[in-house]
Structures are given as structure tokens and as C-alpha cells.
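Here you go, one structure.
Going by the order they are written in, the chains are A, B, C and D; count residues from 1 in each one.
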Amino acid sequence: MSLSKNILRHMTGVAGATALILATSSLTGTLTTTARAADELHIGFVGVTSGPAAAWGTSNKRSMETRADWLNETGGVEIGGKKYKIVIDSFDDQKDPKLAIEGINQMISKGVHYVVGPNTDDGASAVRPDAEAKGVIYFPYAFPKELYTKPAKNAVLGMIANYQSGPAIFKWLKDNEKLQTLAMIAANESDALSQRDGGMAAAKAAGLKVVSGTVTYQSDTTDFAPILTPVIKSKPGAIYLAGVSPAHAPRIIKVGRELGFKGRFIATTGMDAKVLKEGAGDAANGFISVGGASTPELASPMMKEFVTRYTKKFGEYNDESNTKVYALDYILETLKANPKAMKDVNEFKKTIDSFSANNPFVNGGDKPNMKMRYVGMSSFGQKRQIFVPMVINEYRDGDFKTLFVGQAD
Amino acid sequence: MERFPSNPNLPSPQRGNLSNLSRFVQESRPTWPWLGTVFALILLFFVIPDFIASMRPEKQGLIYYQFTQIALLSIAAAGVWLTFYIGRINIGQGALCLVGAYVSAIVQVKLDVSYWLTIPLAGIFCVLVGIVIGWPILRLRGVYFAMITLILTEVAKLVVLNFPIVTNGARGITNIPLPEAVTLFGFTILPEFTADNNRMYFYFLSMFVMVLTFIALFRLVHSRIGRLCKSLQQNEELASSLGVNLVLLRLIPFCISCFMGGVAGALAAGVQHNVGPSIFTVQDSVNYMLYCFMGGLGNLFGPLVGTVILRMGWNYLTAAGDYQLLFYAIALIILMLIIPNGVMSLSPVRIYQRVVGWLGNRRPTLNTVPHNRKS
Amino acid sequence: METILEVNEVSRKFGGLVAVNGVSFTVKKGEILSVIGPNGAGKSTLFKLISSFMPTSSGNVTFRKERISGLAPHIVARKGVVRTFQETTIFRNMTVRETVIVAHHLRSRANLVGYYFGTHLARKDEREFGESADEILAFLNLTAMAHEQASNLPHGHLRALGIAMGLATNPVILLLDEPFAGMNHEETMRAVEMVRSLRDNRGLTVLLVEHDMPAVMKISDRIVVLNFGQKIAEGTPQEIQQNPAVIEAYLGTADESIGI
Amino acid sequence: MEQVVVNGLFSGAQYSLIALGLTLIFGLMNVLNFAHGQMYVLGGLVTYTIVTFGFGFIPPDAFTIFGIDFIFPIALICAGMVLAILGALFEKLLFRTVIRRSKRDESTMLLAAATAFLLDASLLLIFGEKLHSVPDLVDGIISTDLEPVFPAIPFSDSFNLPYYKLLLGVIAFVMILLFVAGMRFTRPGRAMRALAQDRMAAQLMGVNVGRYTMIGFAVGAMLAGMTGGLLLAASGGIQATEGGAKSILAFEMIMLGGAGVTGGAIAGGFILGMMQSVGHSFLGNFTDLVIFAALVVFLSIRPQGLMGKPWG
């Protein structure tokens, strides 16, 4: 990382923002919001990019910005015979549902119909009424099933949910490694706890015995030895980290190994290999997590270029972005398939059922089972989830290796 | 009665037009609340909605929502201000808001009670909570009270998470129905809230409650209770020696504060149609305190002004993108350096006094010849 | 004359230290009684014990045959035993008049709810308190400063304000904590006159704790002398001035400080 | 149980260090420094930057002498210095002005919160949202390999402690001792203690209040920074955004021990560390709730905490 370059970049950024603020205060608010070019396509992002949970939203927003810049550089996106420049309107909800609602209303007021986010369960639930009433399709990174099953209609799950990847991972471990027992830990927060409950159900379905399922930690914890001691004492075969943040995972893994735990750690969220390497080193070997499509076997040249562009733009890549690269392309591809959806989200919903396009981010993205499409029939009873290959990764010596690739339907 | 002879040695305090003015303002107070209320009602219920109605339809929801948020946050902040008024720094209002929101949601969903009833119900429940908590902890002062209330917010969250039988735990309570219409003898007293109009109706509801809150608070502060609270704020021991029942007089404002927190929570539950453990967090508790400081602790409209400034300011700074928090922080620091006592310490009267004082010092009479710019 | 306050064998220990040790005396209605003693004799502690700002370790204080030690300070005040403070303890951000009106708390007939909604009784109370406050301020010669912030008052007037607050509660017995401290001779003499006039005009009983011997000798009907937490003498000013134990206690400088 | 005790002691040592700086600033200025956690994070990230990248043209491995790597202690000292300067600037430019001009002491809370926001925002912008970690200082682990150490005693179980944690524990302990000794035996330390006890009396005794308040703030910030550096190594890394929560944790500790008292901060830290350690082993997901509730009950019975003077 080049710290000085980063600081320099922010200095120019601050100067730019100051100019912007001064400019908007000298003009009237209505002038600046209405005066926008007609051939711009605005896509919203509402999520947390500051405060303790900033990690969740930052990688999300940055992937969108990288992809948008890239598309604009190549002349924009052609929808219905017209070229559009992609603009990302972002809103920082600070993980506060009240602000998330405000964010979605901001988007509505700007005429933005497609929003990525929010990143938390509470936020995603909170924006639902407005999104449905005012015609916004949103792509939350939150797992509650109520958001996607009927009568909910406007949320599209932007990734693989833990109740989809969990059973697959547990089954694989049971079949291939004779896993019998499992322990779980979760942060004392709604997202993490509901993921733990999901994991619990998945473990039961897979026939695993949960030997320790009640241990939770405060999200400000940095010393995990006291928390892991009773978990490891219960002698589990593997430990499931429910909804654990990318910053906590390496610490938990490291402490777990120091306390003598030999089994696997499992997470159903995206992780960053570099952080794992720096934070836990060899202790993280064997750690299973759900990845996107940047494993060497799967990543298409386009995905590789995306990573390069992201790295160039923001200084360093975040592997978590692998799972978050898709949402923008899904929106754009669906709009291409049905240009009427630009103004009317009901058209978008109609298109969902039949939509299919080549997936540019994975090798073999043109094969029928790898194509971009909407899924979720078995989990939600309606197609309210984007299809992404369920890549189950294993961390080994600084890199993720694909353990197996599954599918969510 | 025999008069005690006056002491010529003691300096007689300066008495000029400044004191006369401040006395005038003090003593003429009882007449202007009515004017103020009428003005506020016209502004909030006619001028602003009329202005919003002139906007693009897509934008209206946002503006209504922003005003609604300001209203309900300032209701909670008013409670915090009241605890400041008895000399207690309260960083636990978020806990009460959370409790209020959950009470409203649970009673609606599980017991099928009308939303309208749950608003006072949430307030009353929070008063009970306030009595139980306030009784022991109100003995604490200064940062000790502040810290213990800060912990309370965290406790409230953990209680919600750890007792899923009542609270639905981490999943929260979703799909709270919109308030129904209330009719009496065939007249619709309260209209039905629908997906299309609820932003506007919630605006009216929360503004109404806000106006009520501040009227109630105004009355409180300018009644004898207010003076007693103020005496508590400044010297509890002395107040006690004058026969003031400290335990009771600390508890009453605290319970009112809790009531406001509960009502704000119930309103939020209605506005959001769902509640989860993170709708009010430690950050909210700290924010309420900041609103009070920003507005000024010396004036009861301080929390309202503070909420408007900080909340609008934050929204406005969305334009700064990644640098939003940075700009916000810098703005706060600068404001703090310029007006450390809050915006309301810059009352027009005070500024007028300054000007008059300045004029009075520089030019003894207004009829003197204009003098050069030597000063 | 009727005995209204009785201090019975009152003691107070702080850890191993005995600050007040078995002190007894009585106060009669309408008299001015002073408690004196060298520094550290336990005067201030005794004062807090009587006003119930501090619990006694043993012994008790009765007011009109009713035990008051152990009660909350505000209840003691309600019964008519009201103290003023030694330091310049005031409500800093209130005006003088406001302070005195607040101090009328004990006289209120309406309850808090009544005050909130401004019932007839409450408004009557308010009016009466205002009038009474003006009267007290006039009596203590504070009228000119009625609308000043209390924190802006000069030193001597602050003490007067303290007494004004005490008066406003309509006490039976007023406990004054070093009312003459920090005053020059002339001011002291005026204050002495004032305390006298309180008793003469308002029929108050006054118990005061004081350092200033000349003032005490001038003002008191009776004097109680403490030393090392124990009562060593009690009597009229003349008796005290001639008491060998007292002279002993004030050691060496006896002549000067007792003002013989 | 041995493991639980060791965990508790190790957490306690970390917590005590975090609480010490906070309590110093509180004792001196009556300022509840909301930015303490952010200062701690800044210290950790400065340490991280120096350990990982060295000083610009000097690479980090240039500090290896006789096979011993000195970059970590050097980085730690640098972090302390950076934070001390920052703390002094904060005090001189911001807090002093506001304290002088505001009517109420509590107004500084808004300023403290604002500085916390400022640091939070800058840290996130400069260092990014990821976790940053440094390699272990030493390798190896003391381990009893899943056999109880004292099989005869009930509750006895296995026991693992990596050497680097032992080393950091010792460093933390030495830092606490140095701090306490410094406060007790040096001139500025005594002056600061006098200030914390009675501002007015200290002023009358000729203590330069302005100067020592600034030094105190700087020392408090320095402690926060060095603690950040230590904890970077002790807890597997540091993240730019975790400061706010740490401040609140530190508040809890100084409340428990008694605000403004050095001994209280140390005791509060160790007690909280031990409570968490024991709690997690026996109470499951109710641990934090029970600890918080116990804290509320304890403080309402004993408002000044374990060792505090009543009303600070």
C-alpha cells in the first residue's frame, strides 16, 4: 500500500469536495439536482461506509464505482439503442435503519429506480415499505427470508445466503472429512445472530451435532481468547463463524489455533485473502469461506481486469468485492433485456423470470448453468436472487483455492 | 417593619438599559408563547406542507421523511434536555426509544392493539422503566450518571437480542401494519394511513406530537417545577436545605424524559413499519446529547434547533461523498469553537444587548457628531 | 420559655476520628444561641448533624419533642429547621428574586401537578410568593439587586441572599453557618443588627456557628463552646468570657480572640 | 480454569492500559475523551505502518541488530510521540478554548465527540476499512496440550499461551509500572496528581495549570497510542473503524474502578477482563448482559466506583 499516495489522493479529494460543497451552497438545491444530463443512468447505493461496520459497505460501493468507471470509459452502456453514462449515487446509512430509509427516499427523489444495498438486516427491512410503494428495486446484502418471499416483491438478494451455502458446506465436510460436531460463535448483533440461527438449522439438516451454540461476543471485542476458550473446550470438529466481519475472522482463527484447535473454521461470508494472510498467517490454512469468482480457475479475463482496475483506483483490492461485483451488471443487463424497465420497475420484475445473459466474470459464463439469471425459487418461492456461482473457497498459504462450486436455486 | 439600613460601602451593581431589557423579556414572557404556538402551527401545518406540495412528487416523500425524523428525534432530544435541566447528562435516551419502539410493535402485532393507543402506552411503559432505573441511578451526578446511562443503551439492545420469545430477537418485528382510521359517530377523526400517503400523515402526526412536547416542556420550564429543577441543576444541597424533595424532583423530570423517549420510539416504529435491535443504538443516544449541546442547554428549544442543524447538516454534506464524516466533524469543531454554549446562546436579545452595549459604550448619546473610525 | 430544639448526646465518628463527642444542649424559643470553638472543634460537623445533612453515629436531635436526626434534609427543613450555608452556596444562574421565590417552596399549598396546570391555588401561591419575596428583599435591603444574576452579587450581599432564602422558607429555627465570615468590622456590625432584627421582628429562633468572637459576644443570648468535639462550656456571653476552660481552649491568644 | 485465568489476566492488562490514559485526561480536565479509542487506533496504525513499511527510505529490516528485530519497539515509541503531539495540539487548540469560553464543563463532550468523528473519518480515509496486522514478535507457544495441569483439582484444564502474548503481557505490565512510578516520583507526575486532586489548591501551590494540563493530555494520548501499538501485536491486528467502541469499553472500566484514579483504572481493567473471561465460560450469550447489569447495579450502590473519590 502506498500511504503517501493515498493521503495525496484524499487531499485532492477533500479539495474537490470542498469545491463541490461551496458550489452547491452558492446554487440553489433544485438547480443542481434537476440539471443533469439526459443520457445518464443513475444507479443508487445505500449502505454503510463509515463507522465500525464500514468494511461491509465500502467494498460494495467501490466495486460499483470501479465497474461504472470502466463502463463509462468504454463509451457507456447501450440500452434500447441509446448510450448511457453510468452514475453511482451513493448514500452512507451509517448502519442506521432510520438513515437507510432516508437514503432510499433520496434515491426516489432523484428518480433512481435501482439501488444496491443496504448491507444490514435491519436496514434492508426498514427500506422495504418505501421501495415497494415508490417503485424501487433494491439488491440488499442481507439474509432475512421475509425480504424475498411473497408478499415482498422488490428486493433481490445480491449474493448467496448462508442458509444456502451453509448446508452445502456442512454436507461436503460430512461426506469428505467425516465431520460430526460443530460449534458456532456470533457477534451480539442482529445480522450475526440471525445467521447463527440459519447455520444452526443448516447443521441440523446436515446431521451435524452442534456442541456449542450460545457463545456470542460484543462487536467491540478484539481479544477473542476468553470467548473461544469454552467453545474449544466443547471439542467441536469445526467452528462456524456466523456473520463474522472480515476484520474479526483472522483474529478468531489465530486465537483458536493458539488455544489448540485443530479443526476447520467456516464462514459463509466473503473474506479477503490478504487480510487473512497478514492477520492469521498459516493459522488460517483450511479456513472455508464463500467467495465470488476470483479464484484462478474461475476468474475470467474480465474479472482479472476488474481487479486490476479496482486496485489502481483504490490502492488495494478487497476479495470481498468478488461477491459484490455482480449486482450492477445484473441491473444493467436486465435493463438491456427490457429497456422499458428504465422507467418502470414492474417491467423489471416481469423480465426477471425469463432473463438470461452471459456471465462475463467467470470462465464458461456462456454455458447454460453458469449464465446470469435470477434464481431463488426453492428458498423464496419466487425469483428474487441473482445467480452467482456458489464458490466455496479454502484459504491456503495466502490464497483462496476453490474447494467446490455449488449452485443456489 | 423595621428596614435594615442599607450599606453605602457596597458597590451598587451597574443598572442600565441592558438589565431593563432582560427584565422586560423575562417578565413579558407569558404573552408570547401563544403567539409562538400559533406561528409554529401555521408554519408546520400549512406553510411547510404547502411548500412540499409544490415539489416534484418523487421528492415529497423524502422531505416529509426528513422533517418527520427531525420531529421525532427532537422529541427524544427534548427529554435529554430536560435531564440536563436537572443537571444530569443523559446518554441513555436511545435505550428508552428502543423500549418504546418495541412496546409499540409488540403490543400491535401480538396483542392486536391499535397503533394510536400504543403511542401513549409506550410512553407509560417507559415511565415505569424510568422509575425502576431512575430511582437508584439518579443519585449519581456528572459523568458518572452519563456513563451509567451510556451502558443502559447497550443493556437495552442485549435484552432485546437475548429474549427472543418476547422481542423476536435478532430478526426484529417486521410488517407492522399502518395505522388504521379512527372514526367516532361516523366522523373520521384520524384518517387511514396507506402506503401512498403515510409519509405525509406521519409528518403531521410527529409534528403534532412535537408541538405538544414543546408546549408541555415550555409550560414545565416556566412553571414552578421548572424553577425547582433549575435549582437542582445548580445546587442540589442548597435546594434540599430549602425543603425540596430531591428524590422526587429528580425522578419527575427523568420520567418525563423517559416518556418522551418512549413516544419517540413508538413514532419511529410506526414510521418505519418495523423494528429491529439496531433502530436505536448508542450512536443515537450520543447524538441526542450532541443535539442538546449544539442547540444550547440554556434554552428549551435548544434540542430542536440542534436536531435541525446537525441532521440537516449531515444530509447536506451527502454531497461530499466519502468525505461526509470528515466535513461533518470539522464543521462541528468549528461551531464548537465559535459558539461553545450552543446556537441558542446567540439569542437575538443577547445580540441586541451586545449591540446596545457597544453603542452605549462608544456613543453616550445618539445625537453626537459621527466620529471617525478610530475605534 | 419553651425548649424547641434538643441536642442529646450527639456523636459523629469518621473512621477512628471522633469529630463530635456526646454533645448535648437545648435551644429555647426566640433565643439566639451561638456555637463557638477553635478550628477543628467540630462546629461544622455538629451543624450538619443538627440539620440532618449528615447522619449521627449515636445520640439524636429532637425538634419540638420529635426526633429529626436520620430524616432526609428536606423533611427536616419542612418541619421548620432550616440552615444556610457557610460558603457562598447559591443558585448561580438565577436572579436574586427568582432565588428567593424558589426558596418559598415549603410554603406552597398547591401540589406540583397544580403548579404545572396553573390552578387557582397555584396562581395564588405564586402571587403571594412574589409579594413575600419582594418584602424579604426589601427587609434585607436587596431590592435594588432583585433582577441581578446571583453570581454577580458582591460578597456581603450574597450572605444576605443566603439569609433571604432561609427566611423565605418561613422557618421556626434558622441555623446560620458562619454568617459573618469574611466581613469587615462595620459589615459585621450591620449583619449583627440584621440577625437581631430577625429575631425581634419575626420571632425567629437563631442558632449560629461562628468564628468572629466580638460579633458572637454582641449577638448571642447564650453560647455553647466546643473543643475537640466536646462541649466544654455553656452560658451567657459574660459567663463564657470568664470561663477558665474556654480561655484555656483558646490558649494564649485568649484575650484577643474572645475580645475581652 | 487456568486458561480462563490466563485469558482474563491478558485481557485485563490490555484493558488497564486503555483505561489509564482515559482516566488521566479525565482526572486532569474533567473531559470525557470520546476520542480516546480513535487515538488508540491511530497509535496502532502508526505502529503498523512503521513496522510494515519502515520510514520511507529506511526499510523496516534495517533495524535488525544482532539478529534481534528492533523495529517494533521503535515503532511503538514513534506512535507514542505522534499521539503525544496530537494530544498536546488538541488540548492547546481545541479543548482549552472551549473550556475557557463555555458556561458548562460538559460542553467539552461535544468537542470530544467531534474530534472522535474527525479521527474516525481521517483514519478510514487514510488506512482503509481492512484489518491491519503485524507478524508475531516471537514464535512458539507454552502448551500443556489438552491435558489438565493439575488433574487433581476440579476445573483444571489445559493451558496454552503463545510466547508473544507472554512478552506483550510483560511489556504491558512494565508500562503500567512505569506510568504509576512516573506519576508518583517525577515532578510533572506529582504536579499532575496535585492538579487532578484539587485544581484550585494546585494552582495556589504554584503549579502551572495550563502547562501541566497540556502535558497530561499529551501523556494520556501517548498512552493511548502506545497501547494501540501493543494491542496491534496482541490481538491479531487493528482496524481503522474500531475506535469508538473501544472508548465506550474504556469508560466502563474507569467507571468500575473510579474515574480519575490511576489505581481504579488498573483495577477496573483487570476486573472487567476477568469477568469477561469467567463469564464467557459459564454464562454463554448472557455474559455481556449480566456484566452490564452488574455494572449498573454496582454503580448505583457505589457511585464512585471501587476507588474513586465521591463525585470525582
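Details
Criterion: a residue touches a chain if its C-beta (ideal position, glycine included) is under 8 Å from a C-beta of that chain, and two chains touch if they have at least 3 such contacts.
Everything quoted here is computed from the prediction, not taken from an experiment.
Geometrically, the chain at the heart of the complex, using CA-atom means, is B. One finds 34 Å separating the Cα centroids of chain B and chain D. Chain centres here are Cα averages; for chain C and chain D they lie 49 Å apart.
Centre-to-centre, using mean CA coordinates, chain A is 72 Å away from chain C. Chain B and chain C, compared by their mean Cα positions, are separated by 40 Å.
Residue positions of chain D with contacts to 2 or more other chains are 120-121, 124-125, 248, 285, 288. Annotation for chain A: residues touching 2 or more other chains are 10, 13, 50-51, 188. In chain B, the residues that reach two or more other chains under the touch definition are 158, 322-326. Chain pairs that touch one another: A-B, A-D, B-C, B-D. Within the complex formed with chain D, the chain B residues making contact are 84, 89, 133, 136-137, 139-144, 146-148, 150-152, 154-155, 158-159, 162, 282, 286, 289-290, 293-294, 297-298, 322-326, 328-330, 332-333, 336-337, 340-342, 345. Interface residues of chain D facing chain B in the complex, by the touch rule stated above, are 26, 30, 32, 34, 94, 97-98, 101-104, 106-107, 109-111, 113-115, 117-118, 120-122, 124-125, 248, 251-252, 255, 259, 285-286, 288-289, 292-293, 295-297, 299-301, 303-304, 311-312. Contacts from chain C toward chain B in the complex involve residues 51, 53, 72-74, 77-78, 82-85, 89-95, 98-99, 101-103, 105-106, 108, 112, 115-116, 118, 122, 125-126, 135, 138-141, 144-145, 147-148, 152-154, 156-157, 165, 168-169, 186-187, 190, 193-194, 197, 200-201. Residue ranges of chain B in contact with chain A, taken from their complex: 56, 58-59, 61-63, 65-66, 69, 157-158, 161, 169-172, 174-175, 195-196, 198-199, 268, 271-274, 276-279, 281, 283-284, 315, 317-327. Residues 3-4, 6-8, 10-11, 14, 49, 53, 120-121, 124-133, 135, 141, 143, 145-146, 157-158, 160-162, 165, 231, 234-242, 244-246, 248-249, 273, 276-277, 279-282, 284-285, 287-288 of chain D are the ones touching chain A in the complex.
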